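You will see chain A twice below: alongside chain B first, and alongside chain C after that.
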Partner chain A sequence: MDEQKRAQFKKVLREIKNLPTLPGIVAKLAKMAENPDTTTEQMGRLISKDHILASKLLKLVNSAFYGFPQRISSLNSAIILLGFNVIKSLIISASIFDVMEEQDVELWEHSLGCAVVSNVLARHLGVKDPEEISTAGLIHDLGKVAIKMELPKEYAMITELSQEKKISRLEAEREILGLDHAEVGSWLAKSWNLPNKLVEPIACHHDPQLAKEERVASAIVHFANIMIRGLGYGHAGDIWVPPLNNKAWKLLDLAPADIDPLLHEIEEKLWDVKGFSLDVQSVPEEAA
Partner chain B sequence: MSRILIAGSDSLILPECRLFLEDRGFTIQHCANLPGALAQVLEDPPDLLITEKGFSGKNGDIELIRAVKACLQKANIPIFLIADETQLQVELDWNNYPVDDIIIRPFTPEVLLTRIRLAESRMIRAFDNNPLSRLPGNTSIIRAIQRVLCEVEGYAVCYVDIDNFKPYNDRYGFTRGDEVILMVARVMVNAVDELARKGSFVGHIGGDDFVFIVREEMLEKVCKKILANFDLVRNMFLSAEDIAVGEFIGLDRQDRETRFGLLSLSLAVVITGDGRYTHYGEVSSVASQLKHCVKKLDGSNYMIERRDI
Partner chain C sequence: MQRIMLAQAGPGMILAKEILNPEGMVLCGAGTSLTPGLIERLAGFEIFDVTVEGHPVNIEGEKTLREELQEIDLRFQRVEDIAPLMYLKKRIQARLVASRSLEAVTK
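Up next is the complex of A and B:
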């Protein structure tokens, strides 16, 4: 890979300002914000279901202006610290996809599904902050949205290459760009001052063995990503289930007998998510 | 802000502009040269100084501006610099021109008035606000308490204090201590804003001491919300090992090793209204007695003093 080209992609991707999300969720939030009976927590719960808005919220609360750089990894805490009025402005300033494509909704569902699975796994393993691990699961594919928005031509080439050669998107990204969405997502998270608890699982969700500090969180997001792909909820841009890393699997220390009850719990929680997703997708027509 | 000193040529403020301001209660003084202007500033400082680029020959403007800003008691006087657009072709060094605002000629009297009003409100904000939390400070707090004492309706004046803040600072450092102060400020402001915006107030006394005022009927809801939210956010500001142990060891004021509980809040609330108190000093002394009792309790708590009428 031509180093100069890689540097050029890097520059473009680093300068990204505003990632778009689904119009339905923004319309829903805008409606809530106008209702005087809406609580900050209600808005927070909804924002916690959208990978783009959730990452914006974390970016804001960790910015120098609020005085907590690299401190806040929990969405609940971010909501408490920012307050209703700031969250309202955040919604007003949110950008939406000009043209919403099938794959945008699929990726949105994949992200939300991954958050659900991460949460179930984290609770099962008795990890200290399960909410934060599900947040990491929620925003793990942020880099994909960034590549799509900033490098649309290359994005199309990646799609084509992955279909033609029957390789994963990750491999196709590496071939076309000389970098991948995990790397891009982790730069963004880092440049937004997000804590390492979130940066590392994003950076290492395909290569959890590279995690230095957040090994368990990275392994959980790695496995959650595989499980949600296997379950076929949402879509991350290719037809493959990513390979399982042996080291991460050992670290999680899950017995095959554990998987069945976990799957049962996940399926149950995904029902709510699926209903919510349909609900969100039905909003844009009436809002537009 | 009613007295304005204009240091500049005769044409700096046109007659219609002068009349416009005088009609609105401003007193206008005019000095056409540097010495006269300086004397005026020293002997009878105005509330606002308006001067122009190139006043009184070479560097006259800078000398006047510096003289005003160098004098501590007068450093708060806002200074407006008036310039022509052509004068901006050479970029000004604002360190050399410590002015508060710049107005480009030509301007209407309305524009000048707007700038003056803005400078007024900005000065009130900047003067009293806590530099860390940007919340109103003591002057505003006293005013806010005095205001609710005169009301017929009941208000709750609530003093907030962070427990074990000093040992926290010793252990985690001042930067982390500042983060905790900011965190408490945000938690309070957001809870008051969301649950009880009408008639309420939040101020920062200094250090780890805050005050908020809400209507009496909203009090318990706001206190509970603040304490619950504080407990949710608090762990982000503590190390994993301290959270695991549930306390940490530090030095007390006599330099003895002591066990301290993790960060918590103590709220001492005084209910006012119906002439229970007439002076803010009474409220603060009742609150400080109450605070001693709240602080003795473990964890985050609030206590309310409802004096019989």
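Up next is the complex of A and C:
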């Protein structure tokens, strides 16, 4: 790989001109969160000013991949239950996935599915803040969207190479760009000041052994990506189930007897999110 | 279980999942056997799809069980040397076979 070319791709991807910029509201919320006197009501009020964003957030929060037993009807309770980090990443996801849903429905489905599986695994393992891990699952392929938007020509070349040589999309990205979607996604997440709990699983979802602080979260998203591909839900660019990292597998400490109950729960939840869309104004098509 | 449009629902089919109205209130519980009157009422509530037990409706273009099993084989083709993933594949296939075999029972 030509170092110069790699640097050039890196520059383009880091500048991200075509992806929606982070809504101004996130910066405002971040400022509010720094102030210990800020109340949940104040944050809720700020988000409510953007009606569409507010309804998207509630829709996401109430969808099967967060798995709250009761319906959350107000932004205030959503903020209390999910915490500021999750709300922030949800606002980001809502903006990113607007683009993604339009551009690549199958990748969107894959992402939703990965969020569902991440949530089920996180709850099974009893980790703290399973919502954050679901969110990491939801945005783990962020880098793919960025590559598609910023480098459409190379994106097409990657698709072609992957089909021609029958190699995974990841390998094709590395060959053509000298970098991959996991790396790109982690730059983006970092540039948006997302917490490490989201950045590391995005960066390491193919190489969870590289995770330094968020080992469990990275292992969960790694295995969630494998499971959702195994189930054939959505499409992430190539059909193959990626290899399982042994270290991550040991960390998850799953027994064969765990697999069936997990699959059962995942299938139930996937059933519920099928056709989930963030488009708050859309009317079900079946109605026509 | 199968998700079908309400227009495809027929009497005797059994709800596999409860039906909720847009506010999240339960209109009809899982396990309910559909009747013509009930289907009509659900249409009145603007319910468009329902999830029923088994696989009672043949949807055109839908993959057969054999095709789906083959696709699973293909997806796992590159990880055949990784034991936990081969177990995962076996379970995914077994669950698919079990869910489809219900078709015969309900038909």
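In this section, the second predicted complex is superposed on the first by the 189 of 288 C-alpha atoms of A that agree within 3 Å, B and C clash if a C-alpha of one lies under 4 Å from a C-alpha of the other, contacts with A are read in each partner's own complex, and residues count from 1 in each chain.
Here, a residue touches a chain if its C-beta (ideal position, glycine included) is under 8 Å from a C-beta of that chain, and two chains touch if they have at least 3 such contacts.
Just so we're clear, the structure is a prediction, and the values are computed from it rather than from any experiment.
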| item | value |
| --- | --- |
| First (chain B), second (chain C), both or neither touched by A:92 | neither |
| Which of chain B and chain C A:156 touches, first, second, both or neither | neither |
| Which superposed partner A:267 touches (first chain B, second chain C, both, neither) | second |
| First (chain B), second (chain C), both or neither touched by A:249 | second |
| Larger contact residue set on chain A - chain B or chain C | C |
| Which of chain B and chain C A:84 touches, first, second, both or neither | first |
| Touched partner set for A:229, first chain B, second chain C, both or neither | second |
| Touched partner set for A:71, first chain B, second chain C, both or neither | both |
| Overlap of chain C and chain B interfaces on chain A (superposed complexes) | 71 |
| Residue ranges of chain A touching chain B (in the complex, touch as defined) | 39-40, 66-68, 71-74, 76-77, 80-85, 128 |
| Parts of chain C lying in touch with chain A, wherever the complex brings them together | 1, 3, 5, 17, 24, 46, 48-49, 51, 68, 71-72, 74-79, 82, 84-85, 87-89, 91-92, 95 |
| Complex interface listing, chain B residues touching chain A | 178-179, 182-183, 186-187, 189-190, 193-194, 229, 232-233, 236-237, 240 |
| In the complex, chain A residues that touch chain C | 62, 71, 168, 226-227, 229-232, 239-244, 249, 254, 256, 259-260, 263-264, 267, 271, 274, 284, 286-287 |
